[in-house]
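Got a structure for you, written out below as C-alpha cells; questions coming shortly.
Order of writing sets the labels: A, B and C. Residues in every chain begin at 1.
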Amino acid sequence: MSMILLIEQVLNGLQFGVMLFVMAAGLTLVFGVMGLINLAHGSLYMIGAFAAATVAGMTGSFLLALAASLAAAAAAGAIVEVVVIRRLYARDHLDQVLATFALILIFSEGTRWLFGSFPLFLDVPDWLRGPVSLPGGILYPAYRLAIIGVGLAVALGLWALIARTRLGIRIRAGESDREMIAALGVDISKLYTLVFALGAALAGLAGALVGAIQSVQVGMGEPVMILAFVVIVIGGIGSIKGALVASLLVGVTDTLGGVLLPVAFAQIMQPSNAMLVGSALASMLIYILMAVVLVVRPSGLYGARA
Amino acid sequence: MIAEKHLNWLISAVLLAVPVAAWLAGEVYTVTLATRVAVLALAGVGLNLALGSGGLVSLGHAAFFGAGGYAMGILASHAQSYQPLMEWPFLIEGTKSMPVIWLVAIASGAISALAIGVLSLRTSGVYFIMITLAFGQMFYYFAISWPAYGGEDGLSIYVRNGFPGLDTLQPIQFFALCYALLIVALVLCARINASPFGLALNAVRQSAQRVETVGLSPLRLRLTAFVLSGAITALAGALFADLNRFVSPTMFSWQTSGEIMVFVILGGVGRLYGPVIGAAVFIMLEHWLGGVSEYWQLFLGVLLLGVVLFARGGLIGVFARRRVGHG
Amino acid sequence: MADPVLELKDVCKSFGALKASDHVSLDLRAGEIHALIGPNGAGKSTLIAQIAGSLAPDSGSIHFDGQDVTHLGPSARARLGLARSFQISAVVPGFTVAQNILLAVQARAGRSYTMWSKADDMASDQVARWADMVGLSDRLGAAASDIAHGERRRLEIAMALAMRPKAFVLDEPMAGMGTEGVSAMTSLLDPLRLQAPILLVEHDMQAVFALADRVSVLVYGRIIATGTVAQIRRDPLVRQAYLGDEA
C-alpha cells in the first residue's frame, strides 16, 4: 500500500473522528452537567441535516444551510428540554433511556411523515468542491479538510467556552455541585436549557456537515450516536478532553482498520478469505478497542476514578 | 399482590383463549399475531430478569435475541443445503429439530451474555447502558459484514423446523409450543424471584455494598442473572426466527433492544407478567395503528413517553391498582 | 498467647500529601473488645475501609484468621468471617427486617445461588434467633426503611451475627443514638465478644470506657497509644493530643 493512500486514510479517519467528537461533546456535556443519558441525541443530528438540506434546497446557500442546522437543532433541543427532558433529571437512568427512546420514535416518524422515506441530498458547496493539494503531492477533498477544520474549531471553541467564560464557570460548577450553584443564585433551569441546546446545536451541525457527504435520511443519527457512546466510554464520561482523544482514536482506528486489516490478513491467507475475515474483524475493531479500555481503565481514559 | 396474581392468571388465559378461538373461527392471522406476542413476551421475560430483578439496564439484548435467531438460521440453513457446519475435527451437521436448535440458541445466548457481561458489569449506571448498546451494535455490524450467512440480506429458511409429534406448520401448534415455552419461562422466573438467589439479586439492586458485607460478590450475582437473562432472550430469538422463517441483522439492531425494553416497561418493570402485557399491547398497537397510519410508531412514542412520565408502574400497575380499588 | 484474629502491620495509605494511615500496626485478639478512638479526621474511616477490603493499602499487610488478606476484596474477607457494620446504616431498604437477616443467613450457608427453592422456607428459625438476640423479634415483618434508627443499627448487628463471624468490625454503632439507645447497644455488644472479638470504632467515650478491654488512639493517621482503659486515661500523649483538648 502506498504512503499516499495511507495518509489519505488517516485524514479520512481524522475527519470521521472530529465529527464523532462534535456529537460526543454534546452528549458528554449533557451527562456531565445534568446527569442525563440522552438517546435522542442522534435525532438532533438528523434534524440538523434535514434543516440544512431543506434550506440549501430553497436558497442554494450552504452557509445559510449550516446556520439553519444550528438553529433548528438548538431550537428542537431547547423545546424538548423544556417539555420533556427537565422532568427526567430527577429520574433514574432507566426512565431517561425510555423517554429519550420514545423521543427517537417521535422524531424519526415525524420526520418521515414530513419528508417521506426517500433520502434528501445536500450538495457540497462549489467553493469546497474538488481536491486541495497537500504537501507531499497528496490530493485531498477540500470539503473533508474543511470538516476537520470545523471540528477542531469546535473543540477549541468549547475549550475556550468552558475555561474562559462565565457560562463555562457555571457549567463546571454545575458538574461538581448542583446545590452550590443554585445557592449562588444561578438560574439552574435556564442553564440546563442552554447547555442542552448547545449540545443539540453541535449535533445538528455535525448532521449537516456529514449530510453533504452521505445522504440525509431518517435513522441516520442513531449509528453515529452509538459510536459517540463508544467514544464517551473510552474517553471517560463528562470529559471533553477525553471525548476529543477518544473520537480521534475511534475515527482513525475504524477507518484504518477497514483498509489495513484485509491487507494484513492477505499476508497469511487467501485474498478472498482475507477480505472476508479482515472486513468482519474491522467492523468489530472499535468495540474491541472499547473492551480493552474497559479492562484496563473501567472509567475511561480521562474519567474520574470510580 | 393477590390482585396482581389474579390478573396474571387472566392474562395467561386470554393469551391462550384468543388464538384458540381464532383458530376455530379460521382466522389464521390472529393466531400468528398471538404467536408473535408469546415470542416477544418471552424475549421481554428474559430482559426482565436482568432489568427488573437485577436492576441492569441492558440496551443490548438484541445481541442475544439475534444470537438465538442466527443459531436457528445457521443450523437450519445447513440442514436445508445438506452441507455440514464443520467437518474437522469432528462432524457437525445442521438440524431442523427445534429442541436441538433451542438448546444451541440458549447456549449461544448464555455465552454471548457471559462475554458481554464480564466486560460491561465492570461498570455500572450510565456506562453499563452505553456499553451494552455498543456491544449490541457490534453484533449487528458483524452480522452485516459476514457474508457466509446472508450478510445484510439475512437468511431464509424454507420450511419451519420440526418438533417431535407436532406439525409445526400448523399455526396453532406452533403457537402452542411458543406459549408453553413462555409459561415455562414465567414459572422459572417466578421461582427464581422467590428463591435465595432472587433475594440476593434483589438485594444487589438496592444495595450492592450490603451484599458485599455479607460475603457475596455483586458481580457474580449480576453476571449470573445476566447470563440467564441472555439465554431466555436467545430462546425467544430462535422462536422468532422460526415464526418468520427468516433471520436478518435487524434482529441485532438497537431498535430491537429498545423494543424488547419497551415490552418490559409498557407492562411494568419487575412485574412477572409485565413483558406479556407489554408485548401484547405493542402488537395490538402495531396491528391497529399500523392499519390507520404508516407512522404508527409516532403514536407508540407518545404513549411510551406518557407511560414513563405519568404511569410509572406500567400498565399492570394501572390495572392492578384499579383492581385493588374495586376489591 | 494465641495468634491475634486480625493483625495489621505497618499499614500505610496516602491521599496525595495527606497520610491517612501512617504505619498503623494493630491487632485484635480472641475474646476482646478493642476500641479504636481518635478525633475527627484522624483516619479511622480510611483504616476501617482497608480492614474491610474496600480500600487497598499502599504498603503494609493485613492478616485475618492466620491468612494474608491484604489483597482480598470485601466480599472475600466477609466470607472468611469478617463482619462489619457501617457508620451510616447499610441495610437493604426495600426488604423487611426478616429478609435482611435472611440475606446474611443464606450467604453464610452458601445457598445464595439456589434458584428453585423458596427463600423464606429454609431458615426462619435462624432468622428468628438472630432477631431475638438483638431484640427485633416483634419487628420481623417491618420494612427496613421504616424502622427507627436504633432498630436499624441493631438489625445490622443481627446481620453481622448471622454470618457467625470470626471478628466484628463495628464503625460507630452508637452514632446518632440517644442516651438510652447507647446503653441498650452497650449491653447488646458486651457479651458479643465471647462469640467473636470486636474492633469497635466509637466516638461515645462512655461506651468505649465501659466496653473496651483495650483502646488504641489514632491521631493524624498514627496510633499514638494502645493499652487498657486505665493506661490510656493516664497516657500523657493521649491527654495532650486528644483528651487534653476536651478537658
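Basically, a residue touches a chain if its C-beta (ideal position, glycine included) is under 8 Å from a C-beta of that chain, and two chains touch if they have at least 3 such contacts.
If you want to know which protein each chain is, UniProt gives these names: A = Branched-chain amino acid ABC transporter permease.
Predicted model, so just to flag it, every value in this text is computed and none were measured.
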Chain A to chain C, fewest steps along touching chains: 2
Greatest Cα-centre separation from chain B belongs to chain C
So which chain ends up closest to the centre of the protein, judged by Cα positions averaged per chain? B
From the mean C-alpha coordinate of chain A to that of chain C, what's the distance rounded to whole Å? 49
The distance between the C-alpha centres of chain A and chain B, rounded to whole Å, is 31
Report, in whole Å, the distance between the mean C-alpha point of chain B and the mean C-alpha point of chain C. 44
Multi-chain contact residues (two or more partners), chain C: none
In the complex, chain B residues that touch chain C: 191-192, 194-200, 202-203, 206-207, 209-218, 221, 224
Looking at the complex, which residues from chain A come into contact with chain B? 31, 37, 84, 87, 93-95, 97-99, 101-106, 108-110, 112-113, 222-223, 226, 229-230, 232-233, 237, 276, 279-280, 282-284, 287, 290-291, 294-295, 298-299, 306
Along chain C, where are the residues that touch chain B in the complex? 52, 54, 73-76, 78-79, 83-84, 86, 90-95, 99, 102-104, 106-108, 111-119, 122, 159, 162-163
Would you pull the chain B residues touching chain A in the complex into a rising list? 51, 57, 59, 119-120, 122-123, 125-127, 129-131, 133-135, 137-138, 141-142, 144-148, 254, 258, 261-262, 265, 269, 295-298, 300-302, 304-305, 307-309, 312
